[in-house]
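Think of it as A, B, C, D, E and F in the order they're written, each chain with its own count starting at 1.
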């Protein structure tokens, strides 16, 4: 059934095409201050993913009807640049981007102390400049770093990572080929200090056993990513 | 001229393909309370037509610029569900629906006592779930019943029905085949207690004589439909 | 390279296909009052171009968020009627029209004494009914005449004209064939009393020398057009 | 006597006039404003017309395109009627996506022409299943001083009747006049001061109630009807205006015929 | 006892109830409202279903179209799941372009069905590279009293399982039932008063926090997950609801099977 | 000395500085900010460039698609330049449909490249009437601290000059560099404090008046001009900036050539 069973993504030694162990992430670099005119910004390079996030605010929320009396509004946009993928992406309305923007906003709202800024707005802009599987995780991670860089108070950072399954093997942080031929994808948004979750999606086919392995891989990877983020923020939250 | 003359829609005895006499309506059933969360609702099954109407309000009209100081605003939407016709209907903007919504709203505004609710809004939502010629008439009829079910004061009910012409014969309440091959369609919205009109459209080709017959058929049918509606409303208006 | 070199647009005597000298404009007629319901209006016929402009206002600017405390807002729309060109133009959003509307508004804002009407709006509607190269110039010229006809105070009129290049020769006021096969187009908006500029665009390929000739042709043509406009306005500004 | 600007006062004023069977501009109940109709006025259009009724001015233009017939109607070309009102035409017409008013206007004018069958789409076919003409009629308001419906319908049918199929430009034979077998015309009645009047002006529209649009064909056959706006009317009232419409539509048809023959 | 309408008071009220492990309508934490499921209820659709869960009512309809396969997948037909909520379904659903809420709902329902692989798009091919079936599932809310996600997913899979491919109408052979190899079902848990409950009502949604949607296949495999709204949860909390979902999704699957067999 | 934030005060402040021929950041009238230009920085794009001018940062990416040539131009491929500014780039850029500002920016950058004829669309044809390349240049602002026009134009032409036609991926031969015969460059002048300055910063834009954009080709030929915003200027003023632009555009061209040769 289907052709992907024929593509061998895991070698005899249990290693992946790019030499990683199943539980291993691609290389990740985080940098802040990449958008000089923003109040806070971060860039996450993660495999070939190149994602920036910029934060503007807190600022006055207008028109007034979007204001909330008891808290700030978090206005999050996730977007893929037209040149970020093999096939050019047409600018404009996009249901996938809208959904990712929504779940990203909800993940961040869970930690940002919005109640400190009533009637105001905080804009978070996530732009995928180059895409290679896992852009929503890179985006959430970049946004969390950009909020910290902007000095917006948060109860915890959010790091996000996805595990999945390919050739019947559960693996962490799928690269593009693994994503194309993979059987499942489980992205999670994790609070590194408490191990709690603020973001969860999943697509594909995972048995209950494989599901638990993927969950645990994500938890482990979150600690690793958190170290990189904390370094980038110069120990700001660690 | 044209091919429809060859399709025989009226038999030797002057009866129609479904056995009806020229002046006879398809079977009609009206039921209220079909949308439990609405303030009023009604369902009209009429031939294969299956149409529901829900009423919400009177409620505060916002944004404020749509408010009228001396009366309520009646916000009417007519829509065909994507699966209501043989060829699927794409959701979204549709000039036909906009026009039917407008003339339906104007028909209902003529009887709803809007001046009782200044600065408020009454929403009327008409959804065609299954369509078989005459959906605008079924929609107006359902909306009128739903308004009555919601307890909104009206000077009279509105019942709506269309007569037309097929094979040169004037007939009442065209079914789908008659509509496809017919030569004209005359939908009217009638106040059953006074015989006055609040809605009128017409398309096609009718001589002045045929036009008068179609008009009279509609007037007769309106009484018949009114009886069914009054029963559904448990004598609420009769 | 390219085929247009073969099309001969200038004859042996240096005259153009329609008999004009390089520095000569097509015939221009200006008429006011062509939109009876508007506060001011003008029609410019210029070659086959037939362009009308209507002015409404000053009127209250709403919604309030568009109001400016210290001046009127000038709301300019340039549009081509669907039947104005050889290939029908679809109504609706159009990037070219938006840009021309913007630069036209900015040209007119430079002379209209907007500070006399704080918190109000002046609408300028430019409609191209028949198009033959140079519609933006005809539109700006018509709008300026319509504003004067509406009695809106201005520091000067604006006249607009384009010169360009065809068969290597700089010519004033390109007609349709010259525009199709031409090498450059330089439209300018000129204040006839001071010779100053409020509008400038250019497309194509002009050497610095040719550029200066085209510039001077436009300046000369502006005086000529100004005379026609002043006559149409019955000496109102001359 | 000055005319009130506040809608409620205007309404009252119109009702007072109606009591003496008067109209705000001195016309009789079923008297129209002066009409002028010209054809062939737009050089880039294959057919065109200009209508002026008092201070209401509209243009209509006809363009032709080649189309591939729809698979289920391989022998038919197409007819498209488009009529939006842009903000040039009056203070009350706002920019933006088509308003319900504008959509209704376009669709009623379209139906009056389409349902009369005056354009036989079978005659627009060039090669069955492959190529056919699409006729596009665009009607355009320059100045709206009331009763755009009748002006649009009149300009529309006149532009069609004046249209030349541009076969030469598309390299498929010689140009020829578009065959138009009928001349449907529309007349509209507004309830003003309690009774229906013909050819309402903008002021009468503002202070009036519902309106009824009637499109009749060459033989007095009814091709399209539309009641617009809030309002209640009786069968007797309708019969009175229909009787008048039969006469009036015929006069408008003569106007078209005269303009075309010129 | 009257139920508070102000969100903050409603929230407090729900928290108080939760302290005694109660729900606002007397249900147990993991007790659903009464469900009814009917198929074949829309005469114009090739497959259809109606689901009622308390006062939440939804319809699903399946339509078929012919399509040309995409060049890079010449042997595949298409599956499209569309689920918008129109304003008929409740006071809080506004007209206009699809809201983020509506988009999320549609995409989560779509993924649950698509990712289970229950429709094999290879089987929808008629002539490779030339013609294939496109299956379009439209889910439609009539009345939203909470938990549209589960109602949509249930109506959607039931409508697909009841669908007949209309080959005769398209003149390509005899009609036959659409092959649907699996029956993915969804159940959703909302945090209300601090703990997760099954099948939240509208009031519980209004006074609650985040929600988790779980779609499981015939064998208990996970096909789709989604956490929605602001909120933080732990691994332990998730494991508890997943354990319950395994049982509940199986019950819902039986419900579909029974409705289809009738 | 602190910089005023209120536009009117900022305006006054800039005028005061101009009296002493000073600029807010200490630059000379025709002195630009430091520029860096890198190419080949976007792995998924077939050509790319990054420009930084002070705190203004933009990216450009080139993608290729196959297209069917238009019937009336069977020997031509296509060139599309797209430049919208998304809200990431600054506090004042709002989400939503493209603003007039954004449309003007995109069209002026497009014209500067297109009108120079640097891309010969005839060379993009693969099989006449059947297949051709469409080149799509997308320019993207990361950080807007003023003068996006020049940054966009520079990144755009550099990305095109660095582009490789991905023939192998589309299985039509070997990859090869996109032929770009010229290097048009743009420089822009804003009226600030009454006189034109080169390469205005965001603050200068906010407190300034009209701007003039000049695109010149390799030989100093003028390819595109645009005056933007409200303002009046004289022929003398224009001649002064044109004279400077001839020199400046040539420097920018060297910058592109150097970046490509690296």
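Going forward, a residue touches a chain if its C-beta (ideal position, glycine included) is under 8 Å from a C-beta of that chain, and two chains touch if they have at least 3 such contacts.
Note that the structure is a prediction, hence the values are computed from the model and not measured.
Undergrad: Return the chains common to the contact lists of chain E and chain F.
TA: A
Undergrad: How many angstrom lie between the CA centroids of chain A and chain C, rounded to a whole number?
TA: Distance between chain centres, rounded to whole Å: 51 Å.
Undergrad: Centroid of chain A to centroid of chain F, CA atoms only: how many Å?
TA: 32
Undergrad: Taking the mean of the CA coordinates per chain, how far is chain C from chain E in Å?
TA: Centres of chain C and chain E (C-alpha means) sit 58 Å apart.
Undergrad: Touch graph of the chains shown: is it line, ring, star, complete or other?
TA: Its topology is that of a ring.
Undergrad: Reading round the ring, first chain B, next chain E, what is the order of all the chains?
TA: B, E, A, F, C, D
Undergrad: Okay, in this complex, where on chain D does chain C touch?
TA: 42-45, 48, 55, 57, 59, 61-63, 65, 82, 84, 86-91, 95, 136, 138, 140, 142-145, 169, 202
Undergrad: For a test of understanding, state which residues of chain B touch chain E in their complex under the given definition.
TA: For chain B paired with chain E, touching residues are 34-38, 48, 50, 52, 54, 56, 59, 77, 79, 81-88, 91, 123, 125, 127, 129-131.
Undergrad: In the complex, go through chain B and note every residue touching chain D.
TA: The contact residues of chain B facing chain D are 95-96, 98-99, 101-103, 106, 109-111, 184, 186, 191, 195-208, 211, 215, 219.
Undergrad: Okay, in this complex, where on chain F does chain C touch?
TA: 98, 100, 103-104, 106-107, 111, 115-117, 210, 212, 217, 219-235, 238, 242, 246
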